[in-house]
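Read through the structures below before going on.
You will see subunit A twice below: alongside subunit B first, and alongside subunit C after that.
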Partner chain A sequence: MEQPPQQLIRIANISGRYLVFDPDAVSALRRRANTNGTLVGTTPQQPTQNIFLGLPIELRPEEVDALVSAGVAYVVDDVAAHRSALLSLGPDERRAYIGSLRSRKQAAHKVFAEVTAQKASIAASKAEKLRDSAKSDGSLYSRNSQVTSLGVTPTSSVHYVSPDSHALPVEHHRDSEKGALCQFMLGNGYFMTPGLRFGARYSVYPGDPLRFHAHFMANEYGWEEEIPILDIVGGGRLATAVKKAFLIGGREPSATKPDAALPAVRSFSIEWAGM
Partner chain B sequence: MDASHQFGADVASAVFENLQEQHQWASLQIHRLPGLSRPMIRGLPPRLLYLHPDDQIAALAYEKSTGTRAQHDAEFEWVLAVHLAEKWTLSSLAAVMDALPEARKRAKRIVLAALHNDSTVVYYIVQEGMIKPRQN
Partner chain C sequence: MPFDDDDSPLAPGPVIADGEGGAAAVEEALEDDMPDYKLFASSFTKKGVSSQTIRKGEKDFETHGTRAQDGALESSRRALEDVLGYTRIHRGDAWARGWCFPDFWTDEANVAVDYEGMWLKDRVVVMEHEKGGWMKDIGRVASGSKDQLGVGRLWLLPEEAIYLVERGTVDLWWPYTDFETLLPKGSTSGGAARPGFGPDDYDVGLPLSLEAAYSLFIGFEDEQGKTTLPKYQVYAHLKRAGFNILRAPPEQPRPEATEPSQTLWQWLFSFVKPEVLQFGKQRQQPFGPLVAPGLYRAYRPIYQQLALIPRHKPLPVPPSASKPEDPFRVHFHVWKPGAGGFSKKNPPPPDFRIAVADTADSCLPTLEQIESLLESTPYDPAPEAWRGNPGKLYQRLKHGHRNVIVAVVDRGLVNFMRFGEGAFGEERLFERFDNRNAGRGA
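Coming up: the complex of A and B.
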């Protein structure tokens, strides 16, 4: 099966955070790059509600590094991109942008109108049934079709900020000592979610977190970084109690691998021995 | 000779006693492996200490199809005795793994025995690589 050439995923770097706004990009990340990210978006009017979060998703810096070096995504300085796009907005671009907003708004209105009409027809058919049984007139329900959709103000800037303006160069890696474990796990098809609830850096899943339980609680260490035995005991005991293994690992500097796609990572899985 | 050398031997002998007297391990021996400053304990637990989850599944399937329990003989284990207050590194753990002979099947594993001052010993299975957890 020949796959069409895949689009690179645009990751916006905004005040030090790595965000993905495009729903298609988010699903592509999840499908192709086993990265689910963390939903962080809330509603502007209810910023304190944090039970149901939506787009954008936030990615960890080391995840971003792994995605960029795997050739799946690129990072954009979104603040600079917006600023320069806004400042350079000539009358023609301005008109084009307003036009695109208007067409999006009309499209949204159309969808809303269709949804409303559909609801109204369902309500009308229900009303008909009711009327058949109760012989009441339908005037109560006729108002439904008059419901006007809420005015939608598009807030998207996709039509005037070109997606790859102010892309950051690929080699903007931070200290590469850390992040090797993350890159290694992503490259091997594991998914990761924040591991804080189990006292580790990552919860590691063998597949999509919606389908699997986590197999590991993972912490990354430097090759010569000291690991207190007490941490191994605590991590191992907690992980076993929640049916996981405690994974420690990091880049092995001396090891050279023939296929340099993934870093040479050495890891150890720890479980309580049950004695 | 040096203090750490003596320390390692003391911790190992305490764990050795614990394995022998509390956990009834047999054929216990203290080994000096080339390239390792710490002694390693090798012994045979009274029953199999670790069963890989895939083997667990196979054993369950066997039990379901035949009605009899799958028999698993105990295997010799390598034990690394450490004190709870110690600090190890990935490189020192890797050195221990590298010094061990190759495992017969599955990944290399050691039993990490952490000794505390009140002579409590806790045991952890440490395996090379990403080994999925057992189902229990």
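Coming up: the complex of A and C.
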């Protein structure tokens, strides 16, 4: 297969799961492809809480399908890519990676130096104000100069795993029955998050969930699938109770043209009338 | 505050030239890479990790095209990107390096004591340094003969290794030389730093990224030396919340429920039909009224005749044991934080037993699945103090006679559901009706 162009977003397939580690790729997904994914990692700045999580983000298979078929992203077999990179890292890649680690360390050194100097000068000026003596200065600096050796753990492997190694071929219409609604909503500029907390498959947002409330709780059904009426009542009541509409949709098989960018999807929004 | 050159306490860090690259190139790259530097500055000050800084003010219903809204969104995105752009830095005094040796214990040449709950063959990372308080429930020291490699060192399971890398505790390295050179026999983790093996010595190995840790240790179900992503996500969720957590040891083959030996009399009586023994209790006739006509002075005999449908009775030793199967199998044992007496070597009975199911490939457990899952946990009826107290009826029912927690994972969102073995048949409400004060209902 041909090499994917550089600006495509790299999605790592690790044992059947789709993850993105690179912070730039994550922000490109959010800004360019209205996909925010689910942050699933521990935030190293504050590792003892479960409210604000960090990298990587996890994507749903249908989201990945939509991104790939929209030409925004490509998928690599990250396990194989790492295995081959670790077992046979070329001298140039190795040097480049070590260089990137060194520059990060230097940057960290600089920041540490700046921060400690700042602290020291604040402390010194305080001390001066209090009792006009410069005695404390020396001890402050000697304590702060201990930071000499540093280790760095990058979040993503961009610096030593070549981005397009082990790219997976595009699988068209892997599961044509399910996933069309997701593709359709993303293609129309909606953002989606897992709807687990509100009793549906997706929460659908009119814009970035950082700024906007969700409008819909959405479920996808097959075209000929029988939908229990209780699902409609339950979904409608749940969604209405949180000031959203319940949305159902499915792919219309006869209306789908093979060359169309988006699948032909019929959707309905349902609201509990509450009468 | 401006940075004053004269105050600088630090000479530039020691840079060991790597081939023809050298410090000059690094310095240059640093100049070119100013955004990176800013990122570092923002990430070292630990402010900003809260939903408040990321989501300023109330959210909006929809876009109204104003600059204020765009600005608010942009600043939220910037704040988020700042937080996500953090790079994990290990400072020299707290630097703890782990070496990745995924196949070490599957190699026949390496021998250590393995037993249930040790999971020796699944341990993939060996720690060079042991610093910090995280070892309370993480990692096990391989024990055995002192002249074996790897013995006496702390070894991590895959989920432990990813978690420690992710929270910025461990610097994970890929070795480019053999185990003996890196970690010679008999050397201890507290030993002095050896020259040539510091954080800047990239000849012996390379630091790995978080992504590499995921790619090395996340696998499919039952892959040796790996864990699945949902299981890791449950593990990390509980660790972040402060729980102590260990992999549940493999199920012990339960001792066969031996029939209590019968006496001759019992054996003889077993031929006599039970109805005959139950004096005063009329058996149901296939026709006629459900409650036999007669004079009743209490509720109990009436209700006893009404009890037609057999009810589930939880037994301390269940009669037939079927082996629980994935995903409905206890995978983690979890202890509340702060409880004294926890030891990873001899853990007390766990506070919670957790199975992990993924929304993508599992449904509500079938009766057989939930039964064998519950029967794999010990009999745990409501505490003694609650028994016989009508006020505690609902607590008793909720508590059940056995219980297990199923963690349902939907693409990274973890949801915990508690399944209890309920037994309504054990709560006979009618027994209380006869105890009421005389006069009521008379």
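One rule holds in what follows: the second predicted complex is superposed on the first by the 203 of 275 C-alpha atoms of A that agree within 3 Å, B and C clash if a C-alpha of one lies under 4 Å from a C-alpha of the other, contacts with A are read in each partner's own complex, and residues count from 1 in each chain.
Convention: a contact is a pair of C-beta atoms (placed from the backbone, for glycine too) under 8 Å apart; a residue touches a chain by one contact, two chains touch by 3 or more.
Here the structure is a predicted model, which means the values were calculated and not measured.
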Inset, instruction - Look at A:264 in the shared chain and tell me whether it touches subunit B only, subunit C only, both, or neither; answer first, second, both or neither. - result: neither
Inset, instruction - Go through the superposed model and pick first if A:70 touches only subunit B, second if only subunit C, both, or neither. - result: neither
Legend entry - Which partner reaches more residues of subunit A (counting touched residues only), subunit B or subunit C: C
Inset, instruction - Report for A:206: first if it touches subunit B alone, second if subunit C alone, otherwise both or neither. - result: both
Inset, instruction - Check whether A:8 is in contact with subunit B, with subunit C, with both or with neither, and answer first, second, both or neither. - result: neither
Inset, instruction - Considering only the touch criterion stated at the top, classify A:168 as touching first (subunit B), second (subunit C), both, or neither. - result: neither
Inset, instruction - Go through the superposed model and pick first if A:226 touches only subunit B, second if only subunit C, both, or neither. - result: first
Legend entry - On subunit A, positions contacted by subunit B and by subunit C: 206, 215
Inset, instruction - Spell out the residues on subunit A that touch subunit B in their complex, using ranges where they run on. - result: 185, 188, 190, 204, 206, 215-216, 221-230, 232-233, 236-237, 239-240, 243-245, 247-250, 252, 266-275
Legend entry - Residues of subunit A that touch subunit C when the two form their complex: 12, 14-17, 19, 21, 23, 26-27, 30-31, 38-56, 58-61, 78-79, 81-83, 86, 89, 94-95, 97-99, 101-118, 120-122, 141-142, 144-157, 160-161, 194, 196-197, 206-208, 210-213, 215
Inset, instruction - In the complex, go through subunit C and note every residue touching subunit A. - result: 1, 3-4, 7-10, 12-15, 18-19, 21, 25-27, 29-30, 33, 36-37, 40-41, 43-46, 48-51, 54-55, 59-63, 69, 72-73, 76-77, 80-81, 83-93, 95, 97, 163, 165-168, 171-172, 174, 198-200, 202, 206-212, 214-216, 218-220, 223, 226, 228-229, 233, 236-237, 240-242, 359-360, 410-413, 415
Legend entry - Residue ranges of subunit B touching subunit A (in the complex, touch as defined): 23, 45, 49-50, 82-91, 93-94, 97, 111-112, 114, 122-136
